[in-house]
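Going by the order they are written in, the chains are A, B, C and D; count residues from 1 in each one.
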Amino acid sequence: MSLTGVIGGILTVGGVLFLLLGTLGLLRFPDVYTRLHAQPKADNIGLGMICLGLGVYSGSLSLTLKLLLVWLLMLVATAVGAGLIARAALRRGIRPWGL
Amino acid sequence: MTLYLLLAVALLIIGLHGLFVCAQLMRKILALNVLTTAVFLLLVVLAQAAEVLDPVPHAMVLTGIVVTVSTTAVALGLMVRLLERRGGPVSGRDRDSRNS
Amino acid sequence: MGAPGLAFDGILGAALLWTAWQAIHAAGLFRAVVSFMVFGLLMALAWVRLEAPDIALAEAAIGAGITGALLLSALGRLDWEAGRATDECLRGRDRAFWVPTGLLLLAGLGGAAWLLPAPGLGEPVAAELGRSGVENPVTAVLLNFRAWDTLLEIAILLLGVVALWSLGPTPWPSSPELVSPALPMLGRVLFPAFVLVSAYLLWRGSHAPGGAFPAGAVMGAGGVLMLMAGARPWLSGDVHGPWRWALALGMVAMLGVAFAVMTGGHGFFEYPVELAGRLILLLELAAGLSIALLLFALYLGGEPPADWETRRPA
Amino acid sequence: MNITLATALVAGLPLTAAAVAFAHPRVGRMAALGTGLLLLPVLAVLVLEALRTGPWRHNLGGWTAPLGIGWQVDALALTLLALTTLVALAAAVYRVAEGRLTRDSRYRRYFWPLWLFLWGGLNALFLSADLFNLYVILEMVSLAAVALIAAAGGPALAAAWRYFLATLLGSTLYLLGVALLYGQYGALDVSLLSGRAEEELVTLAAAVMITLGLLLKGAIFPLHFWLPPAHGRAHAAVSAVLSAVVVTAAFYLLLRLWFGPFAGMLPGLPAQLLGLLGAAAVLWGGVLALLQRHLKMVIAYSTVSQLGFALLVFPLAAADALPDQAHAGMLMLLLAHGLAKGSLFLAAGCLAWQWGSDHLRRIGPPMAGGSLPAWIAIALAAASLVGLPPSGGFVAKWWLLESALAARAWPWAAVIVLGTFITAGYLWRILRDPLRATSVDSAVVPAQGPPLPIPLAMPWAALLLALAAIASGLFATALRSAFAAGGLAG
């Protein structure tokens, strides 16, 4: 296996691990705010690593750039989405866990 | 292949069952959509089963998806008007979504 | 395909079945609708697995995106009390009927479908592709071989808008209360991206998966997002406005081309071979633009007022 | 005129007019009336061509069958196209005149585009020979019909909703059948499938699915539950087209398929089953029509009953004694029923306007206040629906009866005769009370005040359709030979 293949593989598997951890947080944490703390952040890193890994694996520059563009859009969308969920929850009077 | 074929038939049954068993109008719309998707799935499985990948069912399903979004939109509009008529003025928020 | 592929398909199939079941039987309409949206997204994956990237694009944009937005906005307008009167499904009823019927259907239809030889039309399409004016077989079928279907399909979208508008005025405010300043920002940042992606998909359509329908759907979804972010819809119900013509553009352009080629002694929709590529591009542009507007108009859920400013709450 | 152009105009003209009527609501009326007036000569050209050269086929886009979509022009298609044009034009005239009585501006703005979409869809349907294209068209027709029913508002919304669910389920079942056929034979074209189809399991499953879907769309017993409220509560002009043509369209597809790709499977059980459904529809629909209290509901149930007669063509044509006679009788029935039914609904609409209700006991006597033309229309249309000579209805039932007698199919013959008596019964009920009342004062339940004046064009539209129903019987021999020239059995 070539060097790009190995690096791409490692990045992708690492990304999947981050996604798994994020999902674990989603399942295990007690309320909406702590879940938001765990999942979007882990997902952003995980998706970034997968995109980068796939780009390296493909060995094509244009494809890598496209994948990074996907990642960038997802970053913006996830950030805004998480903020919206948190604000909506606050407005509905859901109190953070432990308060 | 076989897997997706079985999936199509199973979705067909879920859709049919939901359409007849659910009393709520919104769920009937969802059930009809599941039913239609099942038929589309069958068509695309057939396209893949052919010796040369067959683009005609793909075009048919694309057409079908656009037709379905149009009918779904009209069905939803009709449903909202019907329920407004039945249940008096609309209060706005759906309390259901608050709990879940 | 191999074992990993099969495992993936198995998990995907199970998830599809589960979300479909939840869409119909989950407690609470909100859960049902969200399950249905997840179902649509997963279907997009299934289409990719079945080598139908064109459908995957359309499903992601229309099936999950626009339909989801339509369902949620209808849910927001539903009176909860009116909805509750006939709430859950009649659980457990008629099981004696449905279990055997379901198994029978599963065996019968599954068996029938299994027996299908599926000859397909891949070869004739490939043989005529050279004369169609485009290189992507799906686009060739949609806009040349079966262009009449596509014309009727755009007509149905327009008809859907007419039908919906005939039912009553659009509800206002059509967007939920703004809870975050980030959403309008997102709309502003993303809209150019939506336009860019649509143009890219449209251009790709002639030689690769893409084309007018995914492009129009992405653009329409962008418009819906702008509306959710609190933008003022510029599409007005004004009888004299140009918007009505813009909505009808796709259908009028297709009818126009279908009849115009007849002046050269050709049949209905029979493009001259040397002009086919350019005519199809023209139709894709018109159709894509009008599909975007039509999907947006469907989302409005009723006839927009002639002048939005007067409806705007202070 | 160029035949290809004429064929294309039949489907393309109403759709173009629909787009224009949407973009410019002011021209809606003109667009609808203009479409009707232009289609008449266009259809005449097509009919003359069919008489000269027999049925023909047009390949859209120049692509032949498995790849492209085809249009099939023959006696069946042309008869139904002519019916559609006549009824839609008369109903449009009625609606234009009625428009002076109403003020609802939204209804005005969107009525004509919806109307023209429905019209274009129906025309496209009767031309098309491609099963998937027909699916798209069926959706279009349903959508336009639902919106037109819902436009009446109030209780019509619930009726429109039920119709919508039924018709969407019907379309999906139909598409499932089409998918199975495509997987089996790799073709969507009706004539191509007719050549390839064999009698085996998959084709049978497809036939069952398609037939179920179409029975649902055509409101054929026992799947007729949605029709009476939908047709009874819609506006009169809409009910006229729905009852005369839209349900007929689903029946038309049954004909195309069972005498086309599924013809090999028809003799035996399928034909007998379809015939039994028809007989049940004739009797059940007729009995329910007898029990209605509202004029439009009587007429709506009568649609369920009358379409049952047409279903008898399956056992009669499969019986192989006088199949052509059965086909001609069925075709004549569709034509005469459509014309008479359109006339009845329009006339009922006139009376409902004049007396403020279509309750049978609130409608005043014929001589009072200018409702005479509407009553004449009802009487003439009723004569044709019952089957009094020399109307079209008489000829239709006579031909069906002849073919039943020739096949020694006594039960079917009995159904035809019995159904005719029931039809006479409920139509007599419509006429009885008003005829007994000789003046406004002696109406059984006095109406509030004298009848409202309405524009004369409204009853005249009904009257012209009724006259056409009678006239179709007078020209029966000419029509019979025209059917034969146009390739009767499709």
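Note that in this section contacts are C-beta pairs under 8 Å (C-beta built on N, C-alpha and C of every residue); 3 or more make two chains touch, one makes a residue touch a chain.
Here the structure is a predicted model, which means the values were calculated and not measured.
Counted by C-beta pairs in contact, the busier of C-D and B-D is C-D. Centre-to-centre separation of subunit A and subunit B, using mean CA positions: 30 Å.
Centres computed as Cα averages put subunit B at a distance of 29 Å from subunit D. The geometric centre of subunit B is 12 Å away from that of subunit C, both derived from CA atoms. Contact with two or more other chains is made by residues 12, 25, 42, 46, 49-50, 60, 63, 67, 70-71, 74, 78-79, 81 of subunit B. Each of residues 109, 113, 116, 118-121, 125, 145-146, 149, 153, 156, 159-160, 163, 167-168 in subunit C touches at least two other chains.
Residue positions of subunit D touching 2 or more other chains, listed in rising order: 132, 136, 139, 143, 146-147, 150, 183, 186. Pairs of chains that satisfy the touch definition comprise A-C, B-C, B-D, C-D. Contact residues of subunit B toward subunit D in the complex are 12, 19, 25, 28, 32, 35-36, 39, 42-43, 46, 49-50, 57, 60, 63-64, 67, 70-71, 74-75, 78-79, 81-82, 85.
Residues 132, 135-136, 139, 142-143, 146-147, 150, 154, 157-158, 160-161, 164-165, 168-169, 172, 175-176, 179, 182-183, 186 of subunit D are the ones that touch subunit B when the two sit in their complex. Interface residues of subunit A, counted against subunit C in their complex, comprise 73, 76-77, 79-80, 83-84, 87-88, 91. Taken in their complex, subunit C has these residues touching subunit A: 179-180, 182-183, 185-186, 189-190, 193.
Across the complex, subunit C meets subunit B through its residues 6, 9-10, 13, 16-17, 20-21, 23-25, 28-33, 36, 39, 43, 46-47, 49-52, 54-55, 58-59, 62-63, 66-67, 70-71, 74-83, 85-90, 93-94, 98, 102, 105-106, 109-110, 113-114, 116, 118-123, 125-126, 137-138, 140-142, 145-146, 149-150, 153-154, 156-157, 159-160, 163-164, 167-168, 213, 291, 295, 298-299, 301-302.
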